[in-house]
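Structures for review follow.
The two complexes that follow have subunit A in common; it is paired with subunit B in the first and with subunit C in the second.
Right after this comes the complex of A and B.
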C-alpha cells in the first residue's frame, strides 16, 4: 500500500497490567510504579510551603481553595452529569455562615469552619434541589444564578454587613496551620473522591450521567443520588468558603464573585476533565499564574484567556490525561 | 461503471481493528447490500464511507480517548474522498440515512424533510417531497406531528425521506429494518426498490437481518470480522450454503 502503511500503536506498559490486581504488592518495582505519582503529588504539596515566602504561601492557600472547587466541579460534571457553575454559591454560603458565627457568637474559627461546612452544604443542596431535574446547560444556568441572587438579597436587605461586609474576623492560629489545613483538605478530598467514584455509589452516579432512564428502570431513585452528589460537592466547596473567610479575616459579597465559579472550570479544562487530580493541578498552576501576571493589570485576563484557548485547541484532553497516558502506555509503529 | 470503490479499507479503534482490508464496490443504479453479524464492522463501514468517522475521531481526540485510524482509499466517482468532511461528501451526493433513525425529535415531519432538503433547489425539493408522499403516504397524514411522537416504522420512513430530500447520488442505508414489524419491512423494501428503479439511484444497504433485503439487492457482500469474506449477486448469495445457515437458519 502507498503512503500510510504504518500506524502508531499504543500499548499498556507491562508493569501497568501487572499492577492492576492484587499482585501489585509482590514486588518493589510494581509498588513503586503505583505509588510514585501519588507520592510525588502528596510530598510535593506538603513540602511546597517550605520553599515559599509569606506572600506565595497565601497564593498557595488561594490555589488550594480553587483546587477544592475544581474537584467539586469535576466530580459533578464528569461523574454525575451536572455542570454546576455554582462554585461561588458554595464559597459564599460556607464563608458567610462561618464568618457570622465568628462575628456574632465569637466562636473560634476551628469550631466555625466545620459547622459552616456542613450547614453551608445543607443550604446549598436545598437551594439546588429544585434545579436537579434540569440537565446540561439548564442546570448550569440555574446554578450560575444563585450566587447572583445571594448578592442581590444581601445588598437589598443590607443584611450581614451589606455591601461593606464584616471585617476583623478571627484568623487561624498561625500561617502554618493555614497552609497545611487547606493542603490536607485538598489531599483528603481528592483521594476520598477518587475512591468514591469507584465504589458502588460512583458507579450509580456515572450511570446517571450516561442514561438516567435506565438507572430509574433499575429501581434506583436518581434524585436521591443526585442530592447526595451535590451535597458532597457542596461540602468541599463550603469548606473552602469557610476557610477563605478566616484566611482573610473578612467576609463580604465578593465571596459570591464569579471567579469562584469560572476559574475552577478553567483549571479543570486545563488539567483534564474527569481526572479529579487534574483540576487540582490546574488550580495550582492557574492561581499563581494569574498572580504572577498581576503586573499586566487588566491585560492579564487576555493572557490568561489566551493560555486557556491554547489548551482547548492543542491539548483539549488536559495535561494530566496526557501525562497519564505517557506514564501508562508506550507507542510503537506497526506495519499494517 | 461503479460509483463507489472502497479499496483496502482499514479502520482501527485504538488497537482493535474494526474494518480489516475490506474492498467493495457500488455499481451505478444498482442496490448493493452488505450483511454481517453484530460487531462485523457494518456501522463503522457506514461511518467511514459517509465521513462521520472523522467527526467521531475528533471527538475522541478531544476527550483523549481512543485513537481512530483510517487507512485505505474510498473512490467516489473516481475521486478520493477519504479525507473529506462528512458535510463535503454529502454535498457531493453521498447521503447517509443513519442507524436508529436519528431524526430531529422536536421538529415536525415536514420540518424534518425540509431540513434534509437544504441542499436541494426549490424545485427538486418540491418534486422529491411529492415523491416521498407517494411512497410513504402515511407521512402526508402525519405532516405536522413532531418527529419524536412517530412510531419506529414511521420514523424510519421519515429518515429515508429526509435522506432522499438531500438529492443523493449514492444513498447509504444503515440498518433500515432495525426493530421493525414484517408489514413495515415490506413497505420499506418496496420503497427502496422503487427509489432505485425510478431514479436509477445507487443504494448501499447495510443490514444484519438479511432475509427481506437479500431478494432486492443486485450485488452483495458478507462482512465478517471487518473483512468482506463473501460476495456475489443476489441469487448467488441466496444459494450459498453458508449464507443460508447464517442468515436463514436453514
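Right after this comes the complex of A and C.
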C-alpha cells in the first residue's frame, strides 16, 4: 500500500490584518492579534529588571544604550540612505558634555542629561553636515573617522582629563531610576521613530533614499531633510552617551570607542534591517551574550563574529522579520 | 501671436572635460507654447535640460525664468519657482506606494504656499492627481508599490510628480520613449489637456510624429549646438537638419 505523501502548506493571514491599518480596528480578535506580540515584548522588557540581580541590571542598561544606537543606525541607513558608522561620536559627544557639566558646574545628572542630549546632537549634526553631500560607502567612511578624530584631539590637547578621563561623577538617584530611564527612552524612541517613518517627513526621507534627484526635482531641499534626520539620530545617540556617563560615573576616551559604532550594526543585522525594533532586540541579545562570554577573553570576539556570519548567511532578513513572517502565516500539512 | 516670454536661455555652454556637451545655445520660450527639442543621440538635449533646471551648473551663459536670473540656483529652488522636469530614466520611489510618491512634491514649499498652508487630506489630493492622469482608482492602481508598476504607469507617475507642483513650465525628457503605440495614445491627450490649461511644455523627443502633433515650434540640436529653430514644417525642410538627423533616415 503506497504511503500518502504529505507536504507543508503555508497560507498568509488575511490582508486586513497584515496591512495594520484602520481596518484592523474592525474587530477585537484582529486588534488582539496585532497587539499581543507587541504587548508581550513590551511587558516582558518592562518586567525584566525584577528578575535580574544588580549586575545583570547593569548589563540590561548597557543593552539599552546599544539598542538606542541600533535604532539610530537603522533609521539613518534604511530610511534615509545614510550608513552612519559614527555611533561612537554620538555617545562621546553626549557623554562628555553631560560629564563636564556635572564635574565643573556641579549640575545634577537629571539636568545634565537633557542639556547634553540636545547640545551633543547639535554638535554631532554640525560635524556631519559637510559629509552629507556624500552617499553610500563614502559617507560611512567619513562618519567612521569623526570619533577617531575626537580621541586624538582630546589626547593631544590633554583636554577634559586627557587619557585618564574624569571619574567620580554623580550617579543617577538609584538603580530603579537607572534601569527604567533607559528602558523608557528605548521604548519612546522606538515608538516615535516608527510613527515618523510613515509621516510625510518620513516619506520624504525614504524618497531621498530611493532617489535624491527626483526629490530635488520635486522642489525639496534634500540637505535640509538629511540634517533633520541626522539630528534625530544624534539626539537618540547623545542621550545614550549622557546616560552612560552617569551610569558609570566616569568619562573618558573609551566613550568614543569602536564598540559603539560596530555593535549596533551587528545588532541591527541580527534583528533585521529596516524593522527598527529588530535592532533593539538584537542589542538585548548581543550585549548579554558578549557579557556571558567574558570568560573567553578575546576569543568571544571570534564567537561573536561567527554568530554574525551565521545570520548573514542563513537568515539575512534578521530574526524579527523571520518571526513576523511566521506569525502572519498558517502552516498545515496536506496530503498530495 | 507673440506671447509673453516665460523662459529665456542666453548663449549657455557646458563642457565635460573637453567635450562640448552644449555650446552657445540660446532660445526663448513663450508662455503657453509647446517647444520640441530634437537631435541625434548625444547631441546635448538632456544636458540642456539639466542646465536649465539646475542639476548641472553651466560654464557660461544665463537662464532667465519669469524675468529673474536663475543661473546657478539649486535645482529644488528652481522647481519651487514652477519650472519642473521629468527624467529620461524614470525615477519613481520604488519602495513607496504610487500615491505616496506624490506626497513628496505636495510637501514642497511651493505647494504649501499656494494652498495657503491647508492641504486638507494630502493623500486624497495625491490620489486625485493620479486619477486625473489615468491611474484607475477602482483597480487600486494608486495603492500599488511604484516598483511593481509597468512602464506606462511609471511615465505617468513621472508626469504626475511634476503636476503635483502645479508648475508653469514642464520639461519632459523623452516621455514617449519605450512606450507602445497604445500607451502613447493614452498619454497624448493628457499632454494636450495640459497645453489647453496654458502650461508651457518643453518636450525632448525622438518620436517625431507624436511630437509634431503637439509642438508649436521645434529646436534641432547637433553636437551641442542649435542648428535649427522654427515651426515643424520649416525645420523638416532645413538642409542642415536633413544632413545631421533626418537625412539619414530618409536614405533608408
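Convention: the second predicted complex is superposed on the first by the 307 of 336 C-alpha atoms of A that agree within 3 Å, B and C clash if a C-alpha of one lies under 4 Å from a C-alpha of the other, contacts with A are read in each partner's own complex, and residues count from 1 in each chain.
Rule of thumb we're sticking to: a contact is a pair of C-beta atoms (placed from the backbone, for glycine too) under 8 Å apart; a residue touches a chain by one contact, two chains touch by 3 or more.
Keep in mind the model is a prediction, meaning the values are calculated, not measured.
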*asked:* Tell me the contact category for A:154 with respect to subunit B and subunit C: first, second, both or neither.
replied: neither
*Touch check for A:232: first (subunit B), second (subunit C), both, or neither?*
neither
*Could you look at A:322 and tell me whether it touches subunit B, subunit C, both or neither (first, second, both, neither)?*
first
*If you stack the two complexes on chain A, which partner ends up touching A:336: first (subunit B), second (subunit C), both, or neither?*
first
*What is the contact status of A:7 with respect to subunit B (first) and subunit C (second): first, second, both, or neither?*
first
*Once the two structures are fitted together, what part of subunit A is touched by subunit B and by subunit C alike?*
none
*Show which residues of subunit A lie in contact with subunit B when the two form their complex.*
1, 4, 7-11, 272-273, 316-318, 321-322, 325, 336
*Contact footprint of subunit A on subunit B as seen in their complex*: 8, 10, 12, 14-15, 61-64, 67, 69, 71-72
*List of subunit C residues in touch with subunit A within their complex*: 53, 55, 74-77, 79-80, 84-85, 87, 91-96, 100-101, 103-105, 107-111, 122, 161-162, 164-165
_Interfacial residue positions of subunit A with respect to subunit C in the complex_ = 200, 203-204, 206-207, 209-211, 213-222
